[in-house]
Each structure stands twice: as structure tokens, then as C-alpha cells.
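Two complexes, one shared chain (chain A), two partners (chain B, chain C).
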Partner chain A sequence: MTIPFPSDAWIKAMMADLNASEAYLAAAANWEGSFDFIIQVGGKTTTLYMDLWHGKCREAYEVPEGAEHKADFRLSGPVAVWQKVMTKKLDPMQAMMTGQLKLTGNMAMVMKNVRAAKELVESCTRIPTEFPA
Partner chain B sequence: MFGRILKIDLTSGSITREQAPEQWTRDFIGGSGLAARLLWEVLDPAGDPRDPSAPLLFATGPLTGTGGPTTGRFTICGRSPYTGLWGEANIGGFVGPELRLAGVDILWISGRAAEPVYIWIHNEQVEIRSAAGLWGQTDIYQTQSAIREQTGEAQAKVACIGLAGENGVPYAAILSDHGRAAGRAGMGALMGSKNLKAVAVRGTGKIPLGDEAVYKKLRVESNKALLEANLTAVMKATGTAGAADYLQILGDMPQKYWTAATFENAGNIGGAAMAETILVGTAACQGCVISCGRVVNIKEGPYATSGEAKGPEYETLCSFGSQLLVDDMAQITALGDKCDRLGMDTISAGNTIALAYLLFDRGIISAADTGGLRLAWGDASPCFTLLEQTARREGFGALLAEGAQALAEHFGAPELAVTVNRLEVPMHDPRAHTGQAISYAVSPRGACHNQSDFFMVEMGNSMDEIGVPMTERLVDSGKAGAVARHQHFRTAQNSLTMCFFASVSAAEVARLLSAVSQREISVEEMLLAGERAWNLKRLYNGRLGLSAANDKLPKLLLEPLEEGGQMGHVPDMNTLMSEYYAASGWDPVSGMPTAEKRRALGLEFTL
Partner chain C sequence: MWIFSSPTIVYGEQALSHLESLSGRKACIITDANLVKAGLAAKVAAALAPTGMQVEIYDRVEPDPTLEAVKEGAQAMLALQPDWLIAVGGGSVIDAAKAIWILYERPEMDPEAINPIETLGLGAKARFAAVPTTSGTGSEATYAIVLTNAAEKRKLGLGSREALPGVAILDPEMVLGLPPRQTADTGLDALTHAVEGFTSTFHNDFSDGLCLNAAKLVFRWLPEAYADGTNIEARTHLHNAATIAGLGFGNSMAALAHGMGHALGGVFHVPHGRAVALFLPYTIEYCVRGEEGSTRYVELAKFLGLHAGGERDAASHLVNAIRDLEAQLDQPQTIAACGISREDFERELDLLAANALNDTQTIMSTRVPEFDELKRLFTICYEGRLVDF
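Moving on, here comes the complex of A and B:
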């Protein structure tokens, strides 16, 4: 069974996957910071939130539209780019460097945790995902 | 009109002004492109690069100092005393813009002063002053301060050499401001050979902006877009070494003098680690919104700084860090600072010392050769002595002062020197990005990432609008044309002059150039000017004996490593180069542009 992306069910599936991943635990051992993944689909914007803390995900959900909300990092872009990254057709660092995904937050923290970013992508590939047509 | 040349002959003391031919500024723009056209006329292939008649050019471009995106730079050009070939080294800071404010686009220095001197340009007033009190006594920061004091101009901008340049170390640099360096190809040695300690400038005029209203609007838009780019955010937060951790994963960051791909503690010496530990601020070149320069404060320990100091950039972090398996950021900072103060290129100096470590490790040299110093991986403490000896040409440093190739040859191991045309390879391993292998092999000044940083393209920084798509980094075939186009664009930027860190499209750059030139210049015309200058530099080297046989990588870079992000891979130079010659219109035997190509580029005068 596939899970639609982006959705609350999808981000919760990723939370479960990350929390079962030894590789992510090792790669993100020093990571402290929450993420808003902002996905543009057509004219609609969906925000998926993850609280990532020392190799574990403490909380994850789809942010309700209009809800007051703030994360340490924001990564945003069109769903087509997200799909490329999540299916490993585009390296997440390359997506960021080329500006295909816009990132705000503590850049030093991000640049020091490239391996953690790669493990996040690995996690995405393990989730049976249904992308918007 | 751009192209105002100030000519100073240090032998006769004559000072004259002239205007570069308009056609040349159209065909070659400015910066190192126009310098190549100017120097073509006076090249004496039989002469020595240090002959007094050999000119040294400080070449700005039409965008220098205009407040456009990353346009605070200029280029120092001449025939390299180090490689014997074309030499250019671009430099940020404030000297280039100040030259233009003083009404000088190109400063042409020839001759040799009878005694050490410095040049003082104060708007229209130009003087050749004695540097007797400065020669041999001061480091580059003290020199700057002393000259400001002597001229009575606190705002004077100073480009100077250190002890290394005075003593003719062939990879001596020219430095200015807060440690900005024209590091490569020995332009500091060329300056020293003229008995010229410094060029000091104060200008209070106006830099021509062409169509001012249009240009000002464009530069605001460009700078705003640049400020919002991800790459700018990374550079601002973490400096040029921000991607070190990523480069480490890719196998791009060299370790242990190019013989290892990973280094356990590399994470301790990246730009991110610096930001989390000793970084207290940033420093920018004139008008730059990126501000990639690092300002650090090391409060305690043996390398404590006396307040704020310049932090090392990526090349220096590798030169005195990963290449020696050293992970002590404070120690690397101190070594970078020492190198700057002595006036040496950190890439060449660091690489040469790292080679000495390799020779020591392999038993080719011993403490008997090094004056008792034990060179062991992970211990950079001998480097302080080695740098001092190198700049003074004393002890083992007298050998180091001749560079990596000469050092390896001296000890019967020429195959261990990682150089291209005698210039040490900068800190991006071409085994991890094969497009960079071409860039190194054909760079007009020897191995160089500032003629084409193609590794960035292969990391995702593509320029699709000019036919430079992202290419697969470990594949050889099919990318040579993109490398050539990238070189042409970068050469145009070195003519403008403009920093490569600007995430600004070619179309935007062409619009800026059009506005400042007050005529429509298309992307194609700008790229053609870049290609023309690229080919002219090649032909300049051809007159000095360079051929396709020079277009190769050193042996160590063609040996695969057994680990890391480039594991088992080496560039296939036959494929890369044969495709490159075809894409460039270069004869594969002579390595020179064909007659047809020269005509197509308007380079008939070279036939």
C-alpha cells in the first residue's frame, strides 16, 4: 500500500522509519533542530514538520493550514524537485546548492551534517510513496 | 571609457599615461583578458621572466569597484617567474576599486629600481618613493600600516610583498587589506624582482558606471538576488570551507599529500567547525554581499591570537590541515597567518611542505636533510620553522623555496610532485571530479581552479543557460565541451573582473556589462570575448614552448585510492583531452588553436 505525499500519514511513516534506523542514529548523532519541509503542489503549499534530535525524530506532523508555527530550519520547493530528491535522482546537497530547494536556518549546522541529510533521503526511499500526478 | 593605462618604468622613473585601443577593450573586456592582449605585444620568449623589461600589470575590469555583485576584485598579470608561462592571480579587497577611483584601470610596471621603492598613487599624483625602511624588516600588515603612516593617508589601500617576494621565492604572493592575496604563479616574486615593495593607492574620483541609472537599478536587483541564494548563505555562514565536510564525502578534499581520501578528524577543520568554535565575524571585499572572509579570535592556548585575526580559507585549511593530517584549527590558523605575513602562496607553500612530509614518510629524506626536523603526519609544529626558512631561503627552506617539482627532482623522486606545469595543484582532487582534470591540465597558469572551478558544476552548480549542464562527476566522456564553455565564461569573469562565488547568471552579467559599457552586449558576445582571451593565453604559452605534451596530470593523481568517495577511480586523460581538443578547435599535437579557430576568434595577429 502506498502513502500519499505530502501528508500527515507520510511524515509519520518517515518518523517511524527514522527511529528504526541505526544508520540515521549514527549520522545524526549531533543534530539538534526541527525542520519544516514545505512542498508546493500546484497552487497549494503543504508543510510537514519534524523535530529531529540526536538521531531520533521526537515528533512529526502535517502543519494545519493557518496554524502558528516555527521551525529551526525551512526547506521549500516544488513537489517535482522533492520527488527527484526522494527518489535519489537529485542529491539533496545539489538541490540546495542550485537553489532548487530553498533552505533557511543555521547553515553551519547543515554543512556539518551532510551525512544526516543523506540518511534522511535513504529513509524517504524506504517509504512506499504516492506522488501527486 | 575603460582602458586608462598608467605606465611606470622603475628603471628610468618615467611615468606616462595612455589609453588602451578601444577595439581591444571590446574584444578582451579588461582584467586578465585585456592584460593578455597587452602583454602579447611585448612578450620576449627568449628573455627571462625576471628581466627588468618584463612588465607586471595590475589590471582591473570594467565592473571593478562598481558595486555590482562581487566586483571588488582585480587581477595581477605578467609572465610567471615560477612556471615561465602566463601568470595571473586575482585578488579581492579594496585596492582594485581604489585604483579606478584614482583614474587608473591598468597599472603597467616595468623596469627595476636601483633601490627598494614603493609606488604612491594619489589621484593624478604619482610618486616613486624609497622603501628603504620597509624592505626586509616588516610583515605585510606592518608594511601596510607603515605606508599609510608615511603617506599620511589613513584610507590608502596597499598591495605589497613580504620577505618571500623580496628574496625571490618564486611562489611569493602579493597581499593587501585583511590578508587578501594574489597568491598564485609568483606575481610577488615578479614584483620583488623590480625592487618594488608595494603599490599604495588613494582615489577620491568616481568610477564610470556608463548608463548610471540602468546600472544602479541592475546592481541592486543582482545583489538582492545574490543575497537570497543558498550558496551565498552557506558562504556567509561558513566561508569558503563551508562545504569541506561534503567535499570529504565526495573524495574531493585531498589528504596526506594526495595519497588518502579520508581523514578521521576532517570534520574538525571545516568552515562549519570554524563557525562553531573560533569565528567571531566576517570580512568582505569592496561592495560584496557574500562576505566569505573569516574573522576569528583564538582566546587561549599556544596559538592564541591577539584579538581578532584572519581565519583560514578552504585552500589553507587543506594545505596545512588535511594534507598533513592535522586537525588543530588554531594551529592551521596560525600557519596561514604566518604564510600571509611572509608573503607566500599558501597552496604552493603548503603543498611543497606536504610533499616534504611524504618524502620523509617514505624514507626518501631524513632529519639529516631537514636540519634535524622530524616531519611526521599529524604534527604541523615544524611548519613554522619551515615557512620562515623558506621565505628567507635558509637551511632546508632553500630547497622548499623552489617549490614541489624542484624539491622532488632534487631528491630523485620527480614522480611524487603533484604539479601541472610546475604549479602545485589546488585542493580539489580531480579523481573525484573528472571535469576538473581538464581544467587543471590546460589552465594557462598551471594547475588552477580559478580558470574553471568545474568541480562545482559536477556538484550541482550547473549553468544550463550557457550549455554547462551538471555532468556525472566520475564519467569521462561527453563533458569536454561543457568544460570549455565553462572556461570561457570564467575567463570573461576574470576579465570583468568578478568573483566566481557570485551565483549570478550569464545573462545578468551581460546586462551589467552592457549598462556599464553603454552598448548592448549579448551573452554570446561576452562568452566569445572569454573564449578569445582563453585562446590568446594559450597561444602566449605556445610561444614559450608549451604544447599538448604539457596537458597532463601528475602521476600521483592518476593512481586510484582504495577508499572514499572517489574509490578506485582515476580520470581517463586520453578520452578527456581528445574530446577537449575537438570541442575547443585545438590541434591535438601542437595543442594550439587551429588557424581556422584563430580567425574565427579574431586572433589573426597570432598567425
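Moving on, here comes the complex of A and C:
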């Protein structure tokens, strides 16, 4: 069964996957910081939030439209780019280095934990996903 | 979409004279005290004399530059206000100069946060040129910056495309006095750049040819430059090879040998080239045991004229060729041979694995080890055994 992306059910599935991942636990042992994944679909923007803390995801949900909200890191882009990354057709680092995905936040934390970022994306690829047509 | 970046490259005998064409108000030569003593900074200053620019020398860069050292360098630039920064040195000097340039232009930045994702807006205060005095780093042709977090005993693989030197000047006269040990260490760094640039997951049509030719040039000329440092032909080809390899891997990426090398260097201060070259054969053995068909060792081995009956056969011949070259250069081929005791190694093994795990280059490998696999791999490299997993 596939889960629609982006959605609350999808980010909760990713939370379950991350929390079961030994690789993520090891790679993100020093990671502290919440993440907003911001996905543009047509004219609509959906924000999926994850609270990431020392290799575990403590909370994840779709941010209700109009809700006051701020995460430590924000990664945003059109759904077509997200789809390419999540289906391994585009390397996430290349997507960010060429501005196809835009990352903001404490870049020192990112540069010291690149493997954690890689495992995070690996987790995305494991979720059976239904992308918008 | 991807991007190929290159400085203007001036190479060959008398290349230093190109500095006459620079125009500006004040140039600061960023270098180290040994290169000042060796007269190399003075050669660059003399080459700048016809420009009429005021020339200052900042010689406080040390091997494996730290975050604190580059902050200090940036403070010196803020006091001097140069409009040209000219790095004269090996990888440590050029990497430090890149970071100093960034912090001179962006004093509010944390050097640990230098990254290839954000736009920095460099160039408002100064332009940047590099004159390498070793043949290996390739830093004169890349945007990569390796800095050391001394408190965490960790080397950080940082970089920004904007930190690429505008001009790289490759004058073989600048390396004629390089001692044999440094010639070997840095030349093997160039070989590691070439091999990893060709085999990393970011390899591309633009970088492939550069990496292949650089590898061939190092195999051909490094033994001669090591045996006779005054051989100008060998020095010239090796100097070119290092920059060609820099262009190659700088536009693809390095991989696991660099991730492990950074970790070893951060903890035990093994020179960069010696460390990455030590790991190169082991990481080839490790990668070829990964997913079948995921490596490019057949193509690389064939280009180098080695036997390549299949992926594992090609990898095996490539490993043998690298180890033969290292033997000719009296190069340590195990961590133990670098003079690190078993006790010290075991005490730091978890830190080595943790730092290699999160190194920016490790994740570019065709096979990316987990934490426990890294510990096994480091142990095999300590003992000099065959990689068997």
C-alpha cells in the first residue's frame, strides 16, 4: 500500500522508519534540530515537520495551514524535485548545491553531520510513496 | 544539472611571471614561515614588484590549519585591507587562505559553516590567486577547504564554489626544492584524487578525462621526481598532474580514502597525502566487494595499461600497481607503519570511525560503510591485512 506525499500519514511513516534505523541512529548521534520539509505542489505549499534529536525522531506531523510554526532547519522545493530525490534519480547534495532544493539553518551542524542527512534521505526512499499526478 | 568550475591556469617554466599582469592596490601573500625561509614567498613578491602593488606577507599558517588559525588570519586581513590574496604553499596554506578570504569578506561567518549550498558573495574586497609549492593538493584548482577542529580532533571537509582561486600559477621552479618525502606524500595525494575523482558517485563526463590523465601522469612521473628532485621534466609533469587531478576530483568528489584519511589526520596528525594514499588500496578492495558493477575499476585499470579481466581482477591489479608505486617511494602502507602504537590506535578507534562516518567525502563512495564496518576497515589498515568483507 502506498502513502500519499506530502501528507501527515507519510511523515509519520517516515518517523517510524527513522526510529527503526540503526544506521540513522549511528549517523545522527550528535544531531540536534527540528526540520521543516516544505513541498510546493502546484500553487499549494505543504510543510512536514520532524523533531530530530540524537538519532531519533521525537515527533512528526503535517503543519496545519496558517499555524504559527518555526523549525531549526528548512528544506524546500517543488514536489517534482522531491520526487527525483526520493526515487534516487537526483542526489540530494547535488539538488542543494544547484539550488533545486533550498536549505536554511545552522550550516555548521549540517557540514558536521552529512551522513545523518544522507540516512534521512535514505529513509524517504524506503517509504512506499504515491506522488501527486 | 551540474556545474564545472575551473580557475585560469597558468603553467610551465616562468609561469610566475604572470603575476606581473595583476592589477590592484595591495597584495597579501599568505604562506608559512618555512616557505618564507626557503625564499619562495620572496620569489612571488619579486614577481609582483612590476605591478606596483604594495606587498605584505602573512606567514602564520601552520600544517592542518585550525578554525582558530583562519579566524586569526582573517583578522590580519581586516587590518591590512588587501585587494589581492595570494596563497603560496601546499594544501594547508591554500585551504587556509580560502577560509581566510571568506572570513575577510564575511567576518560574521563561523568557519565551520562554510558550505557549498549558500551564496557567500565573495569578491567585494579582494580577489584570490594560488601558487602551489607542492605537487599534490590540487587545492589551487578546487573549492574544497579542509580545516581542523582541534578540540574535537576532527578534520572538516568544507568548501564553497566561490572560494575557487581566480588564477592558479603552476611554476615548476616552486617545487624544485621539495624534499623526497613530501614529494612522495603529495604526489600520492594527487593519485588518490585522480582515482577517487574517477570512481566517486559524483563522477561525470567533464571530470573523467582529467582524472584518468592525472593518474597516468602520476604513475609515469612521480618515481622520477622522487628519485631526482632536480629533474625539471618530471617536476613539471607531476606539478601539472596534481592540478589536473584537482580539477577532476574538485568537479566530482573524493571518496572513502579521503574520509578515512581526514579522520586519521585529525586524530594522529599524519600528513594528508600520506594518510589518504595509505587508505586508497584498502578502500578499493572494500568497494569492489560491494554491489556488482558499481565500480569503475575496469575502465581505470585498462586506461593505465593494467590487466582487467573483470571488476575484481581490475581492482586487484590496480591495488597492486598502487602498492608497487608506494613501495618504490618507501611509503608507509599500514597505520602501524606511520608510527602509531596499537594502544593509541585502539583508544581512538571509535573516534576515527565516527569522524570518517560523517565525513563529507565518505558518502561519495560507491560502497558506504557503517560505523562497525569502519572500525573493521581501520583495524585491517592498521595491521595491513587483505579486506575480506
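Rule of thumb we're sticking to: the second predicted complex is superposed on the first by the 133 of 133 C-alpha atoms of A that agree within 3 Å, B and C clash if a C-alpha of one lies under 4 Å from a C-alpha of the other, contacts with A are read in each partner's own complex, and residues count from 1 in each chain.
Keep this in mind: a contact is a pair of C-beta atoms (placed from the backbone, for glycine too) under 8 Å apart; a residue touches a chain by one contact, two chains touch by 3 or more.
Computed from a predicted structure; not experimentally measured.
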{"item": "Room on chain A for both chain B and chain C (clash or fit)", "value": "clash"}
{"item": "Contacts of A:Ile3 with chain B and chain C, given as first, second, both or neither", "value": "neither"}
{"item": "First (chain B), second (chain C), both or neither touched by A:Val41", "value": "neither"}
{"item": "Partner chain(s) touched by A:Ile127 [first = chain B, second = chain C, both, neither]", "value": "neither"}
{"item": "Which superposed partner A:Ala27 touches (first chain B, second chain C, both, neither)", "value": "second"}
{"item": "Partner chain in contact with A:Ala116 - chain B first, chain C second, else both or neither", "value": "second"}
{"item": "First, second, both or neither for A:Thr98, with chain B first and chain C second", "value": "both"}
{"item": "Common ground on chain A, meaning residues reached by chain C in one complex and by chain B in the other", "value": "91, 93-94, 96-98, 103, 106-108, 110-115, 118"}
{"item": "Chain A residues within the chain B interface of the complex", "value": "91, 93-99, 102-104, 106-115, 118"}
{"item": "Residue ranges of chain C in contact with chain A within the complex", "value": "1-3, 110, 112-118, 154, 156-158, 161, 201-202, 354, 357-360, 362-363, 368, 370-371"}
{"item": "Parts of chain B lying in touch with chain A, wherever the complex brings them together", "value": "229-231, 233-234, 236-238, 242-246, 249, 267, 270-273, 275-276, 459-462, 470, 503"}
{"item": "Residues on chain A engaged by chain C in the complex (per definition of touch)", "value": "22-23, 26-27, 29-30, 91, 93-94, 96-98, 100, 103, 106-108, 110-116, 118"}
